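These notes open a run of structures that come right after.
Each of the next two complexes has chain A plus one other chain: chain B in the first, chain C in the second.
For the complex of A and B:
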């Protein structure tokens, strides 16, 4: 095997430009695969951290009748949890409401939250410090959609526990900038005590954000762990990863096709050489091995070449990040305005394995023909 | 005449498929070669010279009969065993040199030793010695494309001889050389034959080669028609 590597190295170095052209194409595929996967892993990591920091805390205790994906469940999906049970829990009450900015009507989720909470990144201290009758904090997306600024007042209409409509002007006391659209789009955050007062729902909550990993079980409330809450986000990102992989699979396929082509041509063009190897004492399988190793060594050279320009490039991109257009942040999935690619060991080793194994396979396939060659004809360079 | 028989051809027949029928390249050949012989197969094209050399060189096997080379019956050898036989005991010189084009002169000669797992220092010593035999010790780094025909064939000789094989097979070694280079090559091979006691087997229709041979086996239509040993007809 060492001999095959030794000879393959000599053959490839001797082949000069042809070797480096193949290696260059393959190295490009190698760097692109690393970059795209690193970008998506970076997005995944960042999105998870953002969601934990801004929305999920250490998990959520959700009223059993409330379903995040069913707006009709908002009406009845709430309940009262005794104060004695509320240790390590931050209550949130969700109600449906409408606002009327600039004469338009927008449906919103009105969310009451304990102002003193510190478990999520929402700047609820702004609610405490405000002297407004009904202070509200909103996210930048909501502010943009309703064209609202800090200190603006807007008419809010809601229904109390009995279904009676009520309306009042509320004051925007803060606009926060978060990468998590699910706490921003179409949402108004007000002090929970004020919401209880407005809706006559003293002590009610739709859900609680937990400050501990696993609170005790409470009948009528379902605990969703951090991992469980992040599952959907992870699945969305994995799906994105799979769809992006089509591009780099195509790129890899082009590089592998170049190797395959080179191998097929080599075996035709180098028949005399193959015959000479056999005459000099190599077994046919050793020659097959030599040609296969030659093909897989393209992937080694590709890695060396890829490292030469890819490592500085990928380190630079990991440090500066990739700017994400504004439009992408309206997708409804947590995405920062700048993603910092993350290149883990698993990603690097996985990519190396993918490139080396696939290069070896495409090299071996045409090389198998050598095992059936007649060495006498091969020495003469006769096509077989 | 030397007596250690290292090649024994017994009733060897070789047939090739030729369309729907068969073509008989060798017919019932019986020959023996001793250690240190400088012999050649002579005959017109299609007489079976190269086929016989290929069988002796274990690149091909007989359809019928036995070809014993270094005590091994070629017909019964696996690919691996025949490769080992060539690797250890047989050197080849081809009409068009068959040098490995991307290797230097040194690397071409070294190749045979790489297959035998010699250490780097031992390989270097042996390669330089082989290059000295053929007078190319000053150009180890040249690529085959930069060599003249005569130089190319001398590299081929060094490559074949570097592992000091018992048998050296040379298929039309002078066919691509001018008369001067042909004589240089033949003198070189004769000297190596005498110094290293290697058995040389040629196939040729070059009269210059025949001048140097101690034994000439004449083939026609796949049959031995005359077996001359230096001024004496040994068999027919």
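For the complex of A and C:
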């Protein structure tokens, strides 16, 4: 086996530029795979942390009639939880409402939250400190959609528990900057006590954010753990990972095709050498092994070459991050304005394995032909 | 000073005594506007920010609880049908060949992008059943003397807690109506005009619905043809007629 490596190394080095061209293309695929997956892993990690910090806390206790993906469930998906059961829980009441900025109507979700909460990153202390009749905090996306700034007043129209319209001006007391669009897009946050008063729904909540991992079971309310809440986000990101893999699979395919062609050419041109190996006592399988090792050694060279320029490049990108265009941040999934790629141990090992194994397979396929060669004809250099 | 106060009070009381009973006025209004059944051909002009569009329709109604509307134009809305039976509303869309029942929050959506919501169209309780009415004054609208009625909700499940209605003193037809939020904020204004005597009753042929919180000219609802107490076959008010 050592002999096979030695021979393969000599042959490859002897081939000169051809070897380095193959290795360069393969190394490019290697670095791109690492970069793309690192970028998506970085996004995943960041989005998870952001969602926990801004929205999920340690899980949510949701009213059984409320479905996050069904806006029609807002109307009836709420209930009263006795105060004695509310330990470690921050209540949120969701109602539908409309605002009228600059004479146009925008439908919004009006959310009441306990001002004293500290479990999520919403700056609810601004609601406590405000002297406005109805203080509101909104996210930067909502502010931009409605063209609102701090201290602006806007007319809010809502319905009370009986469906009777009410309308009043509210004051924007703070605009927060969060990477999580699901607590920002089309939402107004006000003190829950104020919302209770406005809607005659004293004590009602649509959901609670939990400060502990697993609160006790309460009939009529479903607990969704942090892991469960994050699953949807992870699934979206995994889907994105699969779709973006097409690009680097194509690149890898080109590199592997180059190795395959080189192997076919080598076997065709080095028939005398193959015949000599067998005449000297090597079995056919040993010769197949030699050529396979030679082909797979391209991947080793590609690793070395990839590390030479890839390591500094990837480290630089991990430190500075990649700027994400504003349009991508509007798409409804948590995404920061800069993503910092994360290169995990599993990712690096997995990528190395992928490149080495695929290079070995494409080297082996043409080398199988050697096993069928007649050694005498091979020594003579006759085409077979 | 005392004598001035007496004069002022007697003046106020005097005016109060002159006002007719609000419920009587509403009853006369109902006599004009409500019929056993009716067939209408109408157009709805929806004014947008830059342009306006017109939707024409033919409607059949029986009392306040049953109505059937078929949209005739524009091409995009042609064939869309709406059936209201009591408190249920179905919409048939020819492009999908499906009938859906609107409920809950969907009823609060606007009808074809107008200033009217499905819920506005659904309200079929008589005003006297849900509001306490009183006459609070009189004034002139476009040369016609009107009573101003203030209606305050006496039941909890109403959309608008207070309304004001300007009723023509001779013809007993509303010429203007304003709908208010609990806070007193004016939400909608309905202006009625082109009052004509049709089959022995006064009837406004043009109505303008305006969401007062939004910019724009609102939505005009113009009746082009109306037939009172016509014979309407029963099958019209069935779900099967939506797909016909």
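Keep in mind that, in the parts below, the second predicted complex is superposed on the first by the 384 of 384 C-alpha atoms of A that agree within 3 Å, B and C clash if a C-alpha of one lies under 4 Å from a C-alpha of the other, contacts with A are read in each partner's own complex, and residues count from 1 in each chain.
In this text, contacts are C-beta pairs under 8 Å (C-beta built on N, C-alpha and C of every residue); 3 or more make two chains touch, one makes a residue touch a chain.
None of these values were measured; they are calculated from a predicted model.
S.K.: Given the alignment on chain A, is it a clash or a fit between chain B and chain C?
M.R.: After superposition on chain A, which the two structures share, chain B sits beside chain C with no clash.
S.K.: Is A:144 touching anything from chain B or chain C once the two structures are fitted on A? First, second, both or neither.
M.R.: Neither chain B nor chain C is touched by A:144.
S.K.: Between chain B and chain C, whom does A:222 touch in the aligned arrangement: first, second, both, or neither?
M.R.: So A:222 meets neither chain B nor chain C here.
S.K.: Contacts for A:7 in the overlay, against chain B (first) and chain C (second): which applies, first, second, both or neither?
M.R.: first
S.K.: Once both structures are overlaid, what angle do chain B and chain C make about chain A, taking C-alpha centres and a multiple of 10 degrees?
M.R.: 150
S.K.: Is A:279 touching the first partner chain B, the second partner chain C, both, or neither of them?
M.R.: The answer is first: A:279 touches chain B but not chain C.
S.K.: Scan A:166 for contacts with chain B and chain C and give back first, second, both or neither.
M.R.: Second partner only, chain C.
S.K.: Which partner chains sit in contact with A:244 here, chain B, chain C, both or neither? Use first/second/both/neither.
M.R.: It touches nothing on chain B or chain C.
S.K.: Thinking of the overlay built on chain A, is A:45 touched by chain B (first), by chain C (second), by both, or by neither?
M.R.: neither
S.K.: How far apart, in whole Å, are the nearest Cα atoms of chain B and chain C in the superposition?
M.R.: Nearest C-alpha atoms of the two chains are 72 Å apart.
S.K.: Considering only the defined contacts, which chain A positions touch chain C in the complex?
M.R.: Where chain A meets chain C, its residues are 71-72, 74-76, 96, 98, 100, 102-105, 155, 157, 159-160, 162-168.
S.K.: Inside the complex, what are the residues of chain C that reach chain A?
M.R.: On the chain C side, the touching residues are 103-106, 153, 156-161, 179, 181-183, 185, 187, 211, 213-216.
S.K.: Touching chain B in the complex: which residues of chain A?
M.R.: Residues 3, 6-7, 10-11, 13-15, 272-273, 275-276, 278-286, 375-376, 379.
S.K.: For a test of understanding, state which residues of chain B touch chain A in their complex under the given definition.
M.R.: Chain B residues touching chain A: 54, 57, 59-60, 79-80, 83-84, 86-88, 92, 94, 96, 98, 100-103, 107, 111-112, 114-116, 159.
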